[in-house]
């Protein structure tokens, strides 16, 4: 018997999932700031030693990208949409297409040796995508972190404060930004964003 | 009234846009581009306020942030009221409604003025410390009267209709002040491609260049301003923030900038989506301080009568606003700048009676120009007294010897209605001092300049450089250096040509001596807003207040809304003279944020109302709302407190919920419990070190309750931890402790035991937890699960994995109610599905949702503690009678163990957890009631403990409580007493804290 | 000493206020004193005053590195109350409260002690349990106080946001009517004037730079103006206690943190009582001059800079706007910081030390001002007798070894 | 507001992301049960609390969640270095005294 309990936490498609913002309604507005929730993605926290070769090779073979060792970066698999993000020297966030988290976890566990952990956290966080000319302004109103393009190029990912909550900010491409927020704070973040985005005539799709 | 003082030409105002406004109920007109002050002056309004202590009439003195008198109440409606607006910094807008803050029945005729006149001599500094002491009982009455007379404007009585926000910014170079120094600095830095922020507190950028007589490139200086601003605006990395005051400069170059976004347009934001003002939180790599200097007035007798102004303000009103604030001007000055006011005045076509210059032989270019224009110049002299009460009617002039502080020569009275004075300049060093650096006194410029602050470069007038060509050059150099220091390559800028002006040196004069001694002369004001006089400062030093901080505090010098921008240096200089010290010996004042006041709303930003603090919701929150739950705040979480049905009271609802759990089945949303996933081969060892009890033998799929202490031996958290695999545990924490406990585990791992192979990951939000509790729990759950729930297969304190309502779930058979309980955990996105599936069987099993209150009653019946309610940071596991949960012989000295053997923790008479049963079964003890053994003793009574939890139990049929009681474990069966506020004494019997099912039969069925 | 009165004011007015006497002398230090007090803040001056007045010990020097009353005495939010939870702390603060009640008359100096009452708000059920517990304990200790419900709170403070839809609704409060505020500077000046009149030397602008200890006995202090002898030395130098202790080779269980406060611009009277909330982290009162006096929290890091972090100020004003939405358009005038020496149990240290004759009075955290006369009174007794006053005894430094802490975090909280 | 270099994230971050955790390098005694009450009290409560150079523990709470050490001046608030757990400070009150810097 494995020393770690792993199980598929996703039911079949007959079970209706509810995102953390299920109770909130969409806001219709302009195109200067468009926020869209991407719920139900697979989120795994991977922890281990950065010098563990099996860790690196496992991530490469299972997720198809190099394990990012450079602080504050993440790597996107353009084909699958999966990504691996550096969170700390021994911690990474894997965001996977919906429903793949169990398989990925199993595959990683088979290939990684030594001291590591993998934890499914998909129920506990959700992802917002932001685009439009006013994203910089919205983020600047909300975060103490410098989101100017000189400091925040594509491929950067930073965990920081977001208003009075916390968030991970990611920049997958020139046009888009991503916010990973915690489930229990999601309603607060929604209210904050809609309030702070009011002057930009925001659109928020949940 | 028409705009009697408006000049026909000139000024940066838009004469095509006329605004109507009111002041003290009278209607006036002004133009777009006016400030409230310039508009009032244009309309010939002299008296704008009454003074704070003596109720003397006061007029406008300055044209900017240093104005002490023109303090207004603004707002046409109640909700839009703003107290203490400086008229000199408030842009005029259509419909603006302003009132004076003092003066009854009005500022022209103020009844309190009489009190000021008669009582004035008794109202020296600190007079209230010397009286109002007898009889002692009368102080509160005296105080009411004192308070009534105090204060300036008033707070609105309604909520603010406007919104505010924050903006976090980062830049390479922050330039504060957009005068000549700031503009050239910003331009030099901006051209390098650096990220530059240029802010300026005024409506228009340009600072002194907007009203200077100097020309740039042979043209009016403001043309150069327009050109530079246009170039800056075209640079993508340069941000221009006009109407933005840098009000604080904090550690590591963190600046707070307050941007007024609609305050210049209307009482409230014209568009509901606009923010009224915005705080920019700026982290700058380099800061260039280009804040300029404030002109100092001279201190002479009756220098507060309306019509007394500072010279620079006179020029500003004439040149920038095309307003001339009087008919006949006398200038009294110690420097060349005073002459500019006279020149501007005479060019505007009104009479300059004389320029009175304290210097014996002034020879600058502007002196020559004044002579050329035929203005009378009286040298070696000063105005020592102004005549008039509601408006200046004349100036008394005498020869003066600053060195001996005496008047010399003959005296002469000049008829005039305006006296403009200039005693030199005080650099605006404020921001440089906010992180504790003291400004440095410079005798040559007769002022303080900024001390050394890392990453801060003062430039221009703020460091005592007043020649325009040098200001521009230094600005450009500082801008280039700052960009260079931030890693950019620079090429410099071409500077505009400036006609060199020959200046003669200023002379140091602060207070002008009077023919009478200071204590007997008419009042010579130093701080106009707080009615601090030179005599007041003299009295303070006579009474032993020799430190400048004492003088300030005793006289209130500099404590007004202007924070002494005009008066502080004069006050220091006067104190220095009286104490026979130099100014630097006397000490500098400490400048602290804010530079100018900022509304609370702007500082609070968007973090108010429902955004004051995050509300955290579980995945089932919407269901609770729909079911009509009342909520309890637990940390940031909103937890259902109870679920009233119909018109039920809380008591009724809780009794019903309790019965449902004890008799049928209830369900609690326990998702807020902290959950930490722990993996690694040393997970078990680690858990054993942080919990008080033993974990070595816990098998897979088994659960165990654990207590956590700090290393001082005091209980800090508790919860159930489950072994999911040999190297895998799931720890639960209290709702409030979740984040702190995760950090606690990381702390120990990262700092003390990095060799242990273990990782912690928060899964609090990931798992939704539904606690199904009651005798029917098994029957109900078996309807929708494939897990074998039979008693002997799935035992108490075990965990199983399976499907619940088609959703993969971990089910823990643990109990906080004492009943048969299954805690169903599913990935939170599926929680609502499972919850609803359970409620599909609501009526079959009598399933009842219950809240935290019922949970508390049920757990207390079982004697289960709530950390933070039954403990308070001074309670050990032993005090709780939980020796069963303490592994005294564990090989590792777990956190808290050593502290338990200290003398005080070994004491036998510590407070211990007990149960209390009120003798009257109907009584519910008050939580927080103090316990005594002898209720007949007199006060102070010897207290021996207090009630921590208390409820009425429908199951027991009586009230019951948990309490911490001195030597409680030895008092079983004894009676204790609780003397209550209403005089009643409640009697209770000390019993075991476990009131129900001590053998645990019910949870083991 | 020239006595002060309303009549005196009128008399002096006739002579143009030219005959007022100094409040204190500016003496040259003597070679030796019976007692040296290090630190001329409120507590140190009160100690000197009571040493002279109650124990007849007048050969006393108070040595101050800056100006008297210039530390936390000049930087606090002036709140005075005695509603502490534990018997030991309550007794000490109530002793102070009783002295406050006659202080202006005793000193012949109006310290403007205004007993306008203090509300400590409760926003959660646990807040209310703690309030009940504390008020019950106060009552049985003879300290005034009652528990109010939301309606009663609203009646006492009509401008407080008591609506049920506030983020953290006000569930009730404790109310101590005898509590209030005082004029902080006047307290220092009144004690200084009183002590000086009794013969105490107030030596300002003189810094202690070392302790001279012989055979385990203090014999005096080294200063930047030379050695000054005394076999009894009491250190009462909040914000500098650890530094002084180190000079004597002693380590204290203290951390010095920045504590910030701020005032609004003066406005007409609108807030007639003191309102404090631990839960939303804000407290406010209105000074006689009209300023709203607002306390912010302690910054978490150690700091001797007399300034703290801006977010602390920001958070405090968010709390104030949450509690008093009508203040949104009132402006903050200035902020400042003090240095508080905090103890692990949020209670002070009034204690002898391993060095004979050397005593410390420190660690008051955020609670020092309200204790000023009481602290000085029991510390004077302790210095005069050489052993702890009964009210000071529980606050010995030994408690950190035995574990007998007096945990006042609940009552002390963020708010003071 | 402090600007703190996180040695794990490799860049300066705003104070709002961090939490101070008191004096650094306070090691828990390896054999607590062998400690005297005085020694245990020393470990629990007694701190250097210097006016000047202070080595202190911080955690990058909303960032990488790593604990690390900061050498900071408690009057000027200047941060002289930050360093990872397990490392020793390069700047100390003694080294500054020797180097003549203040």
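We call the chains A, B, C and D, going by the order they appear; numbering starts again at 1 in every chain.
By our rule, a residue touches a chain if its C-beta (ideal position, glycine included) is under 8 Å from a C-beta of that chain, and two chains touch if they have at least 3 such contacts.
Predicted model only: the values in this text are computed from it and were never measured.
Here A-B and B-D are compared, and the pair linked by more C-beta contacts is A-B. For the pair chain A and chain B, the distance between C-alpha centroids works out to 34 Å.
The distance from the centre of chain C to the centre of chain D, each centre being the mean of the chain's C-alpha atoms, comes to 30 Å. A straight line joining the Cα centres of chain A and chain C is 50 Å long.
Chain D has residues 1-2, 14, 16, 19, 37, 44, 65-66, 75-77 in contact with two or more other chains. Counting partner chains per residue, chain B has residues 168, 250-251, 254, 281, 283, 435-436, 607, 610, 613, 615, 712, 899, 902-903 touching two or more of them.
For chain C, the set of residues that touch two or more other chains comprises 305, 309-310, 401-402.
Interface note: chains touch in the pairs A-B, A-D, B-C, B-D, C-D. By the touch rule above, chain B contacts chain D in their complex via residues 168, 250-254, 283, 435-436, 454, 711-712, 743, 746-747, 750-752, 754, 893, 897-899, 901-903. Listed in rising order, the residues of chain C touching chain D in the complex are 240, 242-243, 246, 251-256, 300-305, 309-311, 344, 400-402. Remark: chain B residues 165-170, 195, 273-275, 281, 283, 606-607, 610-611, 613-619, 621-622, 637, 672, 677, 679-681, 700, 724-728, 757, 759, 761-768, 801, 803, 805-808, 826-833 touch chain A in the complex. The touching residues of chain D, counted against chain A in their complex, run 8-11, 13-14, 16-17, 62-66. The touching residues of chain D, when paired with chain C in their complex, are 1-2, 15-16, 19-20, 22-23, 37-38, 41-42, 44-51, 54, 56, 72, 74-77.
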